[in-house]
Amino acid sequence: MLRFTVRRLLQAVPTLFVLSILVFAWLRMLPGGPATALLGDKATPERVAAMNAVLGLDDPIVVQYFRFLGRTLTGDFGNSLITGDPVMEEVSWAFPATLELSVAAMFLAVLFGIPMGYIAARFRGRFLDNATVITTLVGVAVPVFFLGFLLKYIFTQEMSLLPPSGRHDVLIDATRVTGIATLDGLLTGEFDATWDAMLHLILPSVALASIPFAVIVRITRASVLDVQGEDFVRTADSKGLTTQIVRKRHVLRNALLPVSTTIGLQTGLLMSGAVLTEKVFAWGGLGTLLEQAIQQRDYPRLQGLILLFAVVFVLVNLLVDISYAIIDPRVRVR
Amino acid sequence: SERGEDAGAANTLVFGAAGAPKNFDPVFNDDGESFRPIRQMYETLVAYKPGTAELQPGLATEWTPSDDGKTWTFELREGVKFHDGTDFNAEAVCFNFDRWYNMPSAAAQSQMIYYGDVFEGFAKNKGDASGDPVYKSCEAKDEHTAVLNLNEAKGAFPDAFGLTSLSMSSPKALKEHNADEVTQSGESFSYPAYANEHPTGTGPFKFESYDKSANTITLTRNEDYWGDKAKLEKLVFRVIPDENARKQDMISGQIDGYDLPNPADYQALRDSGAQVMVRPTFNILYLGINQKNTPELKDERVRKAIEYAINKEQLAKNQLPEGASARYQFVPEETDGYTDEVEKHEYDVDKAKQLLKEAGAEDLTLEFYVPTEVSRPYMPDPVDIAGAVSDNLDAVGIDVKMRQRPWNGGFKDDIQKHGKHDIHLLGWTGDYGDAGNFVGTFFGREKAEFGFNEPKIFKALADADAKVDDEEQKKAYEDAAVKISEYVPAVPLTSSPPAIVVGGDVQGLVPSPLTDERFVSVSKGQS
Amino acid sequence: MALLDVRDLSVVFKRKGTRPFTAVDGVSFSVEPGQTVGLVGESGSGKSVTSLAIMGLLPKRGAEIGGSVTFSDTELLTLSDKQLRDRRGRDLGMVFQDPLSSLNPVITIGLQITEVLERHRGMTRKEARVEAAELLDRVGLPDPQRRIDEYPHQLSGGMRQRVLIAIALACRPKLLIADEPTTALDVTIQAQILSLLSELVSETDTALIMITHDLGVVAGLCDDVNVMYGGRIVERAQRHDLFERSRHPYTHGLLQSIPRLNAPRGEPLTPIRGSVSDNIEWEQGCAFAPRCPNATDVCWSEPPELKADDGRMLRCHNPVAIGDAVTEGAL
Amino acid sequence: MSILSTRKAEKIDSLAEGGTSLAMDALRRTFRSPVAILGLVIVGLFVILAIISPFIAPKDPYRPYPELKAELTPSNIPGPMPGFLLGSDQNGYDFFSRLLVGAQQTLFVGVFATLIGVAVGMIIGGLAGAFGGWVDSVLMRLTDIMLSIPSLLLAISIAALLPGSQWTVIIAVAMIGVPVFARLLRGAMIAQRSSDHVLAATALGVKRKTIVFRHMLPNSIGPVIVQATLTLATAIIDAAALSFLGLGDSDWRRAEWGLMLGNAQELLSVKPSLAFFPAIAIIIVALGFTLLGESMRESLDPKNRR
Amino acid sequence: MTDETATTTDVTGTGSAATDMDVAGADVTGTDVAGAAGTGGGRSADGDGAAGADDVLVTVEGLEVHFPIKRGIVLERTVGYVYAVDGIDLTIRRGETYGLVGESGCGKTTMGRGLLRLVEPTGGRVVFDDTDVSTLKGETLRKSRRRMQMIFQDPLSSLDPRQSVESILVEGMRAHGLDSGKESTRARLVELLDSVGLPESALHKYPHEFSGGQRQRIGIARALAVEPDLIVADEPVSALDVSVQAQVLNLLEELQQRLGLTYLVIAHDLAVVRHISDRIGVMYLGSLVEEASSDEMYAEPMHPYTKALLSAVPVPDPTVEDEREQILLTGDLPSPANPPTGCRFHTRCPWKQDTLCDTDRPELREVGDGHRVACHYAEDIAAGRITRHEVEPELVHPDT
C-alpha cells in the first residue's frame, strides 16, 4: 500500500511541473500586469514601468520562470498584490474555510446521495425511481450560484431563519484553533460559536452539495443496478444468504467502487462550485481569494491558488485511489 | 446570539468593508479600503472640516506659507500623544517628513503613491530615485513649531497636507517595528511589522487586531485621545467582498454600515430602516476623446457634436445614483475654479447632427473603450453607462464600436499607455479641494489618453498651479476652465455622489465628499 | 419418492413493450438421491432458466412461473423468500458457469465460503474458517490455508471453479445443480473438474443436475439425460439408450453433426440445417419442424406430446427409426 | 503509467465503450423512454424558439425605448406596461423581447462552445487514437493536465486571458470539453483499434486511412454525440457562471440568458424577474439537454442492451 | 538453417513476390496460379528433406512474438515479456489444412496473427510462397495481404456493425483493385455469397440481422473476396452452436476442395481440429510440442501433453466414456510471462524425469514419417519404459 501511494504521488510530479509552466506562461500572457494592479487608480505608464523594473518583470521570461520555480519549491508563492500578505499565509487562513464548506457539502451529498441512489435502484422503473432521476437532473441543471441566491432569498430574506452570509456572527468572539469554525467551538468549549457556525454553514453547503449530490445519486443508482445483475449476486442468493447480507456485503460493497471514484471526480466540480458559492455567501475561503485575484489581477495569488487547487485535486485523487485499493483488492496488485 | 448582545452592541460598531486593507501604514496606501481604518487611528497636520473639502486645524493648529510658497510653518497642537504613549511634537513631525523623503528602497518608494504625487521625488542619496523632489528639509523650531522647507511652491498645498497618506506616525513605533523595510518578494511586496501589526498614530481609535481568518479588523477606543473621546468602545471592520452579501448583512443587522451601496439598493436599504447617506459630490465622469487615431476628432466641431449628442440628464437619472447630476465642466461646484462662464453644450440632437455635417464627419466610426470588472463612485456600472452613451451617439449617426477591457486587465494600459481608443469612459475622484487635482491631472500636458497638444491649455493650467495667492489661483483656474470648455478635449458627463449606509440607530456620521469619514463622533443606540 | 420432482414447469418472461416469451414450457423430470441427471440442449433452449426456477432465483418481476417443483415433499415455488433462503445453500447447492464473475471480487474466498457455513450450519467465524480450509482441501485446492485469504482474481479459472464447488457443497446439500460448470475452462481443466464433481457426488450421495450443451460431458457423467429444445424436453432416456439409439431427430442430428475424436477421418459431418432462430412456436406445431429432416404435415400443425416410447420419453411425431442410430460407439 | 486524473480518464474511457452499439438501435431504445421524449420536446421547443424569436419579438430587443427610460432609475426599473409585457430591463430595453431573443444567443453560445470543444477534442483524440505510441502519450498527458484543473477554473483562466467578448466565453467553455472529448474519442478509437473488425480490415490490406475514417471513427462517434448533448447543457450553465463572475461576454446589448442573469444579480431587490426569468429559462433548457443526453447514454450503454 | 541460406532466400523471395503480385493483380480469371508458383516454392525450400519435397506454401522459422510488459512512472520501462509465441517452426503445404491446438493462452491466436503480420513478430521469419513476409513494409506488405486471409472466432465483432454486407465484401476487393467494374463486381459478389450459401438479398443487410452461422459465412466470404491462397482461421466455430458448427466446418472443407485453399485452423477443440486437419500441431506455452498427421496424432500421441489432452476430451459415447482411462493433469498452465525452465511442460508432466526435463528445453525432433515431438523421453514413454506418476500441483497466479 505504501509503494502504491508513493508511486501515485510520484506520478503527479510531472503533471504539476508542466502545470507550473502553463500557469506561469498563462499569467505572463494576461493583459495588464502586476504593476498595473499594484498601482491601482494611480497607475500611470511611467509608474508602471518603474514598478516593473522594481519587480524584475523586465527580465527575460525564462529567468523569471526559474526565479518563480525556485521560490515556489521553497513554498514561497510571493505576496498578494491586494493585501500584501504572503500568499501561503492567505491560503492558510482561507483554506480551512473552503475545506469546511467542501467537506460539509460532500458530506451532505454522500449522506443523502448514496441512500437515495440505492433506493432509486431498488425501485427501478417505478415512480420513486423516476422522480429521483428527474430531481437529480434538475439539480444538475440549476446553476450553483442561482441556487445559492434562491436559498438565501427564501431562508434569510423571506423566512429569516438562517444567516445570509459569512462564517459566523461578527460579535461572536470565537477562538481560532484550526480555522474550521464548527470544529473550533467544540475544541474550545465555545458551543455557542459552534452552533452559530453550523447555522452559517447550512445554506452554502446545501447549495454546493446540489451537483455532487445529484451525480452521486445517479452513479449509485446505475452502479447498484449493474451489480444487482452480476453473477456473484446470484451466487450469493444461491447460497441462501439473508437479504441483508446479500445487499450489504455483495451488492453495496461492489456498487460503492464507482461511487468512490465519482466522489474524487466531484472534488474538481466542488472547487469550481466553491468559487461561485463562496461569492454568493461571502464565505471568505479560497474561492473568494481566487475571485478577487482574478478581478484585480493579483498574479502571485493566482499562481499560488491554481497550483494549490491542482495539488489538492491530485491529493484527493490519491485518497480516492487509496480508498479504492482498500475496497477493491484487484487494484492493489498493480 | 447572547454573547454578542452583552458585548455591548451599543458600544461596538461593525462596518462592512468591500475589501481587505493592504496594510496600516498610511504612507504606503492609496486605496479607500485601507484608508478607512487608517483614518480612525491616524491624524494629519491639516484636517478637512467634516462633510466638506474645506480645511480645518488638525494636529497643526495653524499653518502659514512664506511669500514664495517655499516654506511652511506649522504650529502644533499641544498635549497630543501617540498610542504608544510618546509625545507628538515638532520632532515627530520632522521625523515623519524625513522618513518619507529618505525612504531607503525602491520597493518602499514605489508604494508611496500619494507622497510621490505631492512631493515628486526622493532623496538622491538612496536608491536610484528619480524626479526633482519638492521636499528640502524640516526643522523643529521648538517643541511645537515645525518648519517645512520646499524646493518649489506648489498649488496643491496646503490642502495636500490633509492627505491621509501623510498622516503622522509615532517615531518610536516606526523605529521599533522597522517601518521602512518594505521588501520585494516575487511580483509583490512584503510590509514590515509596523504596517501590519503595529500602526501607531494619534487618532481616537487604537489598533487592536486584524483577524485574517475571520477577516475582521478591530479597533478600540483611545482613552487618552486629546480631543472629544470616541463614543464607541469598539470599531470593527469586517471584510465582505460581495456586494449583495453586504447588503443582506446590513438588512439582517449583521453589520451597522457599509460604504458605497449599490444605487439599486438604496430603496431596499431605506425600507429596512437603514440610513443611506448621500455624500456631497466630489468626482467627475467623463467621456475621454483621443485625437490621435481618428482625424475627424481633431475637429473641434466633431468633439462638440459628441457632447451635444449626449443626454447627460437622462443618463444621470437612468444609470446613476440619486443625487447625480449632469456636468459641463471638470471642476466640482464646491471647489475654487468652478465657473458659470464655461461654454455649455447641452443635449441637442439636431445641433450635433448639424455640426457633424459641417465637419464632414457623417459616417464617423469610433472605437469606444469601456472598462469592465470595476465599479467606481462616478461609474457604478461602466458598461450600462457606456451603453446609454452609445445609444445617444448612435442616434446622431455615429457608429460606435464598444471595446470592453478589464480595468486591471488591459483597460488602463490601452488607454493611458497605448492610446488605442477613440473615445473612452473614465473619471476621477478628488483627493483634496484643489482644482488642479482635477483639470491639471487631465489636461496639464500631452498624454496618450487624450492625444492632443494644445499649448494654450497646458500653459493656462501651469500658470494657475504656480499661483500662491488663493484669489489669483481661483481666477486662473476659472479662466482655464473656460478655455477647456471651448476646446472640448473630453466631455464631462456627470458627477455621482457616493453614498454610505448605516443602521437606523447610528448617529453622528458625517458623510464626506472626500470619503473622509471619521467615526470619532459616531454613536450607536436607540435614538 | 423422488428427491426433486419437477412437474410441468413453465417460465414466461413478460416485459413491457415486448411480447411475452415462454422460455421454459411444461418441463417435467425428477431426480433421485445420488442420481445424476443431465439437461442438454443448445444455447437458449431454457436450461439455465429451468435451473434458476428450481432454485427460486428468477427475477420476481417479469417472470411468471407455473407448474410445481417439489423437493423432499416441499413445494418450492410457493415458499416465501425467507423460507427459500433457508433451503438454498443448505439443501440445494448450485455451481455456475463463469467462475470469475460468479465470485464476489472484493471479498476473500474464505469469507465467501464461511458466510454459508455461518448462515446454515450456525458456525462461528473461527469454526467456519477451519471448515472452509478443509473444504478447499477436499476440492483439491493446493495450500488452502493461504488461499483462504486470497481474492478471486488471484486464482486461476480452474481454482475459482473449485472454490465455487466448495461453496455449493459446503453444507452437504441433497441436490447440486451445476450449470455448465466447465464451459469456460480448458479441456484439461474441465477433465479435472468433472472428475472432481463425480467423485464428490458419489462420496456424499448427492443428487446432481448437470446442465451442459456438451453431449460428451453428459455421456460420461449422467444416469438420465434430458434433451431440451426450444424450452421443452424433447427426449429423455438413460444415457446408453440416448447415445446409442437416439430417437428424436434433433438429438440424432446433434450426434451426427459433432466431429468426434474417435470417428474415422474424412467423413463429412451431417449438420442439422438452419439454426435455432428458425424455430416455430410450440403452439403451432413442433418447434424443430423447420429444421427436421423427418418433418411431415402433422409436425407443422400439431404440437407433439412427450410420450413414453421404448423405455424413454419422446416428443416427436416421426422419430428416427432405430436402425438409423449412430453406431460408431464400438471403437 | 497513468498520471493524476486516471480515474476521471477511466470514467471517460468507460463511456467510450458504448461505441460499438448500433446507432439506430440505440435511438429506437432512446425514444421509448418518456424521459427522453420530455427532453426532446424541451430541446425542440427551444430550438424552434431560437429560430423564430427574432421574428416574433414584439419590440426591437436592441433599442432603448423612451417610454421605459422615462421611469427608469437605478432603483426603479419599470414593470409591465402596455406594449411591454415584462417591462423594462436596467437599460430601458424591452425585457420580454430580449428574453425571447435570448434563446437564440444562448443556443448560439451553447452550440458553438460544444462544437469547438468537440472539434478540438476530436482532433486531439482522433490523432491519439489513430496513431497511438508517443503521439498518444503526449496528447493524453496534455488532456490529463487539463483534467487536473477544475473545469470552471480552466474556463476562468482562459476567459481572463482573452478580451471580453462572446467568443471568449465560447472558447473558454469549449476548453472544458476538449479533454473530455479527446479522451472519449481516443478511448473509443483504441477499443476500435484492437477490435476484430479493424483487425479484419487490416488483414484485408485496407489502407490505414480508410480504416481510420471508415471503420474506427464512425464506430466511435456514438459516445461523442451523447457527451455533446450533455455538454450543451453544461456549456450554457458554465457560460452563465462566467457571466456571474463578471468574466463573460460583456456586450451590454446582447440578449443572452447567461449574460442577462449575470447582469441582473445586483438588481434582485429592484426587479427580481430580471434574474428569475433568464435563470428559469436556462434551467429548463439545460434540463432538456440533460434528459436527452442521459437517456441516450443509457440506451447506448452496452449493459442495457439485452 | 544457416544465416546465409536465410539471406539468399530472402533476396530471391522479395523479387519473385513482386512479380507474383503483379500477376495476381491482373489475373481476374481464377485462383489457379498455384501450379506455377508452386515450382518456385519447391525450389527454395531446401530445409527438411521430407517437407521440402512437397509443395510448401508457408514456412515459419523460429517465430517469436514477445509482448513487452511495461511499467513506469514517467517513462515506461519494459520489465519483462509475455512469451506468447516462443520459437515455432512449421511448414504448411499448399492445399493442406494445418490444425493448431492448445489450451487457452498458449499463444495460438498470436501465432496466427504473427504469421499474417497482424502483430509484429519479435523474431524468426515467415516465408510465404518464397516471399519473406517479415521483411515487407508499407505498401508491399499491404498488397501482400491479398494472398493471406483470416477468419475470426467471433463473427459479429469481426464485422463492422455499420457496414452492409456489400460494403464489407467490396472493401477488400477495392483495396487490391479487384473491383474492376460495377457489373463484374456485382457478379463476383453474388458468386461469393453463393459459394458460402447465402442469398443475394443478403447484400443489403447488416451483420446484426444474421444468425451466428450466417455471420461466420459472411466472414468467410470476406476472406474469399480477395482470392487468397492461405486462410488462417482462428477458432472459426468456437462461438457457434454445435448444430451450426458442422455446417461451417463442411463449408470450409468444400471451399478448400473447390478453390484449392490452404488453411491454418486454430482451435482448442481437439475433435474439431482432428476432423478438419491433415496435420496437427499441438502448442503448449508458446511453442509446438508435437506435430503429426491427424490420424497419427490421435492414434499414437507421443508427447505427454498431447496424451493428456486427448484423454481429456469427452466423447459423446457412453461406452467410450466408461472405459476411457483419463490422464488427469494437475495444476494450471503456467504464466507465459514466466515460463518454466527446461521443458515447459515439466511442471505438470506425469512422466517428468529427474534429469533433463527441468533444465534442457527439448527440440522439436523428427521421430518418424513427419511425426515431430518435443520431448526428451518420447520414445521411452511410447515403449512403456517410463511410467506415470503423481504430480504435486503447482500454484499459478494469473497475472491480472
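Labels A, B, C, D and E are assigned to the chains in the order they are written; within every chain, residues are numbered from 1.
Everything below uses one rule, namely that a residue touches a chain if its C-beta (ideal position, glycine included) is under 8 Å from a C-beta of that chain, and two chains touch if they have at least 3 such contacts.
Predicted, not measured: the structure shown is a model, and the values here were computed from it.
Asker: Give the fewest steps needed to get from chain C to chain D, where each step moves from one chain to a chain it touches.
Answerer: Graph distance in the chain contact network comes out at 2.
Asker: Any chains in contact with both chain A and chain E?
Answerer: C, D
Asker: Across the interfaces A-D and A-C, which one involves more C-beta pairs in contact?
Answerer: Looking at contacts between chains, A-D has the larger number.
Asker: Cα centroid separation between chain C and chain E, in whole Å?
Answerer: Once rounded, the distance between the two centres reads 34 Å.
Asker: Measuring from the mean C-alpha position of chain A to the mean C-alpha position of chain B, what distance in angstrom results?
Answerer: 39
Asker: Could you grab the centroid distance between chain B and chain E? Build each centroid from C-alpha atoms only and quote it in angstrom.
Answerer: So the centroids are 88 Å from each other.
Asker: Cα centroid separation between chain B and chain D, in whole Å?
Answerer: 45
Asker: If I count partner chains per residue in chain B, which residues reach a count of at least 2?
Answerer: 244, 373, 405-406, 409-410
Asker: Multi-chain contacts only, two chains or more: what residues does chain D have there?
Answerer: Within chain D, the residues that touch at least two other chains are 160, 163, 246-247, 265, 268.
Asker: Pull out every residue in chain C that's touching 2 or more other chains.
Answerer: Expected reply: 153-154.
Asker: Touching chain A in the complex: which residues of chain B?
Answerer: Per the touch definition, chain B meets chain A at residues 1-5, 7, 9, 12, 14, 19-23, 30-31, 106-107, 110, 113-114, 116-117, 130, 184-191, 195-196, 211-216, 236, 238-242, 244-246, 248-249, 251-252, 254-255, 373, 405-406, 408-413, 416-417, 448.
Asker: Applying the document's contact rule, which stretches of chain C touch chain A when the two form their complex?
Answerer: 55, 57, 81, 84-90, 92-94, 96, 98, 101-107, 115-116, 119-120, 151, 153-154, 164, 167-168
Asker: Inside the complex, what are the residues of chain A that reach chain D?
Answerer: Touch residues, chain A against chain D: 11-12, 14-15, 18-19, 22, 26, 29-31, 130, 133-134, 137-138, 140-146, 149, 153, 218, 226, 229, 261-262, 264-265, 267-273, 275-276, 279, 290-291, 294-295, 306, 309-310, 313-314, 317, 320-321, 324.
Asker: Enumerate the contact residues on chain C facing chain E in the complex.
Answerer: 42-43, 140, 142-143, 153-159, 186-192, 194-195, 213-220, 239-240, 243-244, 253-255, 257-263, 265, 268-273, 275-277, 291, 328-331
Asker: Please name which positions on chain E make contact with chain D in the complex.
Answerer: For chain E paired with chain D, touching residues are 70-73, 76, 113, 116, 118, 142-146, 148-150, 152-154, 157-163, 171-172, 175-176, 206, 208, 219, 222, 226.
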